[in-house]
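Report on the structure given below.
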Amino acid sequence: MIAATYAPMHSDLSLNLEVIEGYGDFLKFNNIKGAFINGSTGDFVSLSTNERKNIMKAWSAHRSEGFQVINHVGHTSLLEAVELARHSAGLADGIAVIAPYYFKVRTLDQLVQYCKEVAAAAPQLPFYYYHIPVLSGTYFKMHDFVQLAYEEIPNFRGVKFTHNDFVDFQQCLQYKRKEGKDLELFFGIDEMFVNSLSLEGQGWVGSTYNHLAPLYTEIYKVFELKNYQRANELQNMAVQFVQILDGYGGFNGAGKSFMKLLGLDCGPSRFPHATLSEKDLKNAQLKMEEYGLTAPNFSKCN
Amino acid sequence: MIAATYAPMHSDLSLNLEVIEGYGDFLKFNNIKGAFINGSTGDFVSLSTNERKNIMKAWSAHRSEGFQVINHVGHTSLLEAVELARHSAGLADGIAVIAPYYFKVRTLDQLVQYCKEVAAAAPQLPFYYYHIPVLSGTYFKMHDFVQLAYEEIPNFRGVKFTHNDFVDFQQCLQYKRKEGKDLELFFGIDEMFVNSLSLEGQGWVGSTYNHLAPLYTEIYKVFELKNYQRANELQNMAVQFVQILDGYGGFNGAGKSFMKLLGLDCGPSRFPHATLSEKDLKNAQLKMEEYGLTAPNFSKCN
Amino acid sequence: MIAATYAPMHSDLSLNLEVIEGYGDFLKFNNIKGAFINGSTGDFVSLSTNERKNIMKAWSAHRSEGFQVINHVGHTSLLEAVELARHSAGLADGIAVIAPYYFKVRTLDQLVQYCKEVAAAAPQLPFYYYHIPVLSGTYFKMHDFVQLAYEEIPNFRGVKFTHNDFVDFQQCLQYKRKEGKDLELFFGIDEMFVNSLSLEGQGWVGSTYNHLAPLYTEIYKVFELKNYQRANELQNMAVQFVQILDGYGGFNGAGKSFMKLLGLDCGPSRFPHATLSEKDLKNAQLKMEEYGLTAPNFSKCN
Amino acid sequence: MIAATYAPMHSDLSLNLEVIEGYGDFLKFNNIKGAFINGSTGDFVSLSTNERKNIMKAWSAHRSEGFQVINHVGHTSLLEAVELARHSAGLADGIAVIAPYYFKVRTLDQLVQYCKEVAAAAPQLPFYYYHIPVLSGTYFKMHDFVQLAYEEIPNFRGVKFTHNDFVDFQQCLQYKRKEGKDLELFFGIDEMFVNSLSLEGQGWVGSTYNHLAPLYTEIYKVFELKNYQRANELQNMAVQFVQILDGYGGFNGAGKSFMKLLGLDCGPSRFPHATLSEKDLKNAQLKMEEYGLTAPNFSKCN
C-alpha cells in the first residue's frame, strides 16, 4: 500500500513543509510502503510549480529500501511537466503523469507521445501513467496503452489504475503474465480495495491509506482466510469513512482535515476543497463510531 | 447462475418457440439454475407485447424446483408493463422491470412508484428491479432504492445489478446483513464474474451463461481454492469470448448466432443486432482457439 | 408552424379520440399548418401500437390542402415501426421516425438502413427523420445523414431537427441550396424559435405551438420588422411559459394539462408525466401573468 | 468583435513577444475592437504564470480608446489566478476567469466565491466570467450566475458566453433589460455568429476574428439588410474555414499556423496542438478556395 499524500499547509494556506518529516514516519509506522506525492490528493492543481518542487525535496529525505516516493509531475503544460520530471531526477524513486486535462489528447498515440517526452526528462526513473479518467476526462483502455508504452518509453514501468473498469485491469494483468513483463499495476480506488484482492495487482495507491492503513491490513488478512463476509464488512467501514467525510463539503478537504485527529495536522485546504472545523471533525467522528469505526481503529495508527 | 436467454427465431425473423423446449434442457444440463427471459439479451424492445407473452408461455413449461423463470416485463409504457406482469402471474417464478428508458423518471420516488404499480399486477410473484444504467440511463444508487422499495412494495425481492459500481453493490449487501433482509442481489456483468465472487451475491444473471457455463463453474472452483491467478486467466477467456464476438457487429447478435455452434440454433437477430454468417462463426471460433477457448470448453456444454 | 400534438385521454387514461375533431379545428383556427402526431409530445412510448393506429385514424379526417398530418412511427422494434408505417399509407401526409433509443445504432449506415426499411413500407409518403438526440441518444450530424438518405431512400424528404447544433442545421441548409434539393428542415426547439428565424428553415414543429401560436406569429412579425428587442422579449415569454410549467413536475404533462385552460381538455398524462390539478393550473397561470403572459394571449387562441 | 489571440512563439516554442506589436496593428486594421488574451485560443494552460504575465505586458502597449485588452487569468489554482489578476491591475482593461477545470466547484455559490476572490485582486478592473462548459465541465445557467454575481462582486461586468444554450443567453439579456443592468454579454461561438445577430449581445469574442474579420463584417452588413440567405452562405464559409483546419489535427493549432498566410507568423503550437507544415497550409488554402473562401477574403486583412 502506498499513500497518496496531502500537501501540508499553515493556516494561511502556505506550505508547511516541516510536517513532512513526521508524515513519512507516520506512514512507515503503519506499514505503508511509499508516498505518491503531488497527486490529486496532494492538490497538485492548486500548487505552483515551485511549491511542487519544494514538496518533492521535502519527501526525498524519506526514501529508503522499504519506502519509495513517486512524484506526480503531470500538468496541462508539457513543458512544466518536463521541468518537474527533470527536477525529480535525483530526488524520487519514480514519476507519474496524468493525461492533459484541459485540452484532451485526441488519440492514444498522442497520449503515449506526451508520456514519452516527460519520461525522457528523467530517463533513469521508473515512469508510471496515472489513469484517473473521472478527473482527467481521458478514457483509453490501459490494455492498449501499456502495449504501446512498452514499445515507445524505455523507462515505462506501470499504471496507477484509478478506474472501475475491472475488465481492462484484468486484461492488463493477463498481458503482463503472457508477455512476462514487469508491469506494475497499482489499483487506485480504495473503496474497492477488497474487490481487487484477487486481481494480483502489485499494490494500491490511495488517499485513505493515510487514515485507515490498519483497517486495510485487516481486510487483507481476513480475505486471505477466505472470510469474505468479514472482509466486506470491514471494507464497508472504509466506504462509510469516505461517505461521512464527503458529506462535509467533499472528501478531499475533509479527509485532509481529519488527519489532525490522527495526530498529524496537515492544515487547511485550498479552494475548492473544504476545511473542517473542530466541531465538524467531532461530529464526523461520532458518526463513524455509529458504524463501528471506533477510535481504536485510528489510535492504532499513532 | 441464471442465463439471460435469447429469443429464438426462424430465418424470417418470426419467433421460433419450439426451440425453447431444448433450450431449457440445455441450460439445466449445464447446471444453470434459471432463465431471465425477455431481457436485453432477449431483445424485449424488438418484440411486440404478444410475442413477449408467447415467449413467457413457452418458458413456463420449464419451471421446476431447481429452475426458476424470471420474466422481464419492463416497457416504456407503464400500462404495457402492467399487462405483461398480469399475464405472468401463473406462468413465471418472478418478474423484473427496467426503469423507463425514453422519458426518464426524475426522482427515486417516481422509480419506486413505477415499480410498485407493476409489482402490484402480480402480487404473488417476487419482484426484481433490473438495474442496468448503461442502457436505461437511470443511475440511482441501489442502496437507496432497496430501502424505499422494501417500504413500498410488498413483493419486492431484489435487484439484477448490471453495473460496475461495486461500492453500491457492497452497501446493498451490508444493508441486507444488518437488517436481516432476504434481499436477492444478482450480479449482471459476466466479464466481472470473478470480481464478484467474494461479494456474497446470491447469484448471477448474464448472457454468457448461455455459452460458457462450464467455464464459469471452473472459475468458481479455482477461486474457492484461492488459485486467483488461474481464476483470472479463465475469466479472461470469458472476456475474450465477448470481445471477439463483439468484433462481429456487436455482442448481442453475434452471441445469439454463436449458439448454433453449441447445437442450439436460435436463428437470426432483429435490427440493429448482427447475424453472423457460417464463415464469420468459423472465424470467430478460430480466434477463440488462439486464446485457449478450445472446442472442448464448448462441447462440454452439449 | 406544425403542432406536436398531445394524445387526448379520458380520466381513466384511456384514449379520448373524440377530442381530436375539435383539436384540429383549434389548430387550424390558430393558423397552424399541420399536426405531428404520435411524437414525444404525443407520448408515443406510452401508447400501444393499436392506440397509435387509432390516433392516426382519428387525425386522418383533418387532412386538407393547408393542413398536413405527419405520423411519427418510430419504435425500438423495426417491425413495429414498419407496421405503423404501412398502416399510415392512406391516412397520413407523411411519416417520421426517431432513431432506435434502447439499443442504439453504431453507425450512420445502420441508421439510414433503419430509416430505409421503414420508409419503404409507405413508399408513396414523404419520409422524415426525427432528430432529437437528447431523447434518442443518437448524435450523428444531419449534414452527413441527409446526403446518405438522399442516395438510399427514394421518399426521403427532410428532418425534424430538434437539437441546438445550429452549425449542423446551417450546413444542411447550405447543402440544400447548393444541390437544389427539396429538403424540408423543420426546426424543433420552440424556445429557440427566434434564433431560427434567419435560418431559412421551411417550418417549425413543436409542442408550444399548441398553446402559443398567436405569440409565435407575433414574434415572426416583429422579427420581420427587425424589431429584434421586441422579438426577444416575446420569445422570452414563450420560454417563461415552458419553465413555469416545467416546475410542475415536467413540461410534457403540465403542458398537456394546460390545454384545458385554452378550452381543449386533453385529459391526464400517463406515467411518468404529471397531471396538474385545478389549483396548480390556476397558480401556473398567475405566475405567467407576472411575466406578461396575460389571458388575452391565450384567449386569442379560442 | 474582439479577437481571442494566439500566443506567438519562436520555432523552439519559447514566446515570441515581438510579434505582438504587429499583431495588435493587424487586428485594429481589421476593425477588431479588442484582444482577449491568455484564453483557450492563447493556450493559457500550456503557459507558465510568468509567460502569461509577459504576454499581458506586451499587449498592454496596445490599449487605446477603441481597443481594449481583456486578460484571462483563470487557473486551477485560485492563488495563481489571484496573482495574475493582481498583476493585470495597471495593464489590462478587464480580466476574466474560467471555472476551475480539474476539481470542479459543486455549487453556484462556490463558483461565485471563486470569481469574487479573483475579482477582488483587481477591484478597479471590470470582471468577466468565461463561460465555456465544453472545456471547463461547469454548466451552471448564466441566468442564475449573473444575478448572484451582481450581488457579490462589485466589479462584475459580464460574461464571455461560449455555449450554444441560446435560451440561457436570452434570459440573461432579458434580465439585463428588465433590471437596467450594464451587463456585457460577449457571444463566443464564431460558427454561430449569424445566429446571435438578433440577440442584442454587445459583442463577440472568438478566435476566427483573427482570420476572418472582413467576412464577419460582411455577414453583419447583409444581415442588417435582411438578406438572410447571403448571411447564412457567408457564415457557412466561416464554418468551412474551421472544419477544414480542424481536419489538420485540430483547429487550435491549425488556426495558429494559418496566421502565417495572413502575414502574421505566430509560430508553432505547444502540445497537444498541431503545427501545420507549409504543404498542409497550401492544401488547406486550396480546399478553402473550393468553398469560395478565396485569397481576396484574406488579403483584405492585410
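For reference, chains read A, B, C and D in written order, and residue numbers begin at 1 within each chain.
Assume a contact is a pair of C-beta atoms (placed from the backbone, for glycine too) under 8 Å apart; a residue touches a chain by one contact, two chains touch by 3 or more.
Computed from a predicted structure; not experimentally measured.
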item: Both-way neighbours, i.e. chains that touch chain C and touch chain B; value: none
item: Most remote chain, CA-based centroid, reference being chain B; value: D
item: When chain A is superposed on chain D by its C-alpha atoms, the rotation angle in degrees, nearest 5; value: 180
item: Distance from chain B to chain A - Cα centre to Cα centre, in angstrom; value: 36
item: Computed distance of Cα centres, chain D from chain B, in Å; value: 51
item: Multi-partner residues of chain A (each touching 2 or more other chains); value: none
item: Residue ranges of chain C in contact with chain D within the complex; value: 164-167, 170-171, 173-174, 177, 191-192, 194-195, 197-200, 223, 226, 228-229, 231-233, 235-236, 239
item: Interfacial residue positions of chain D with respect to chain A in the complex; value: 13, 40, 45-49, 76-80, 100-106, 110, 113-114, 117, 135, 137, 249-250, 252, 270-273
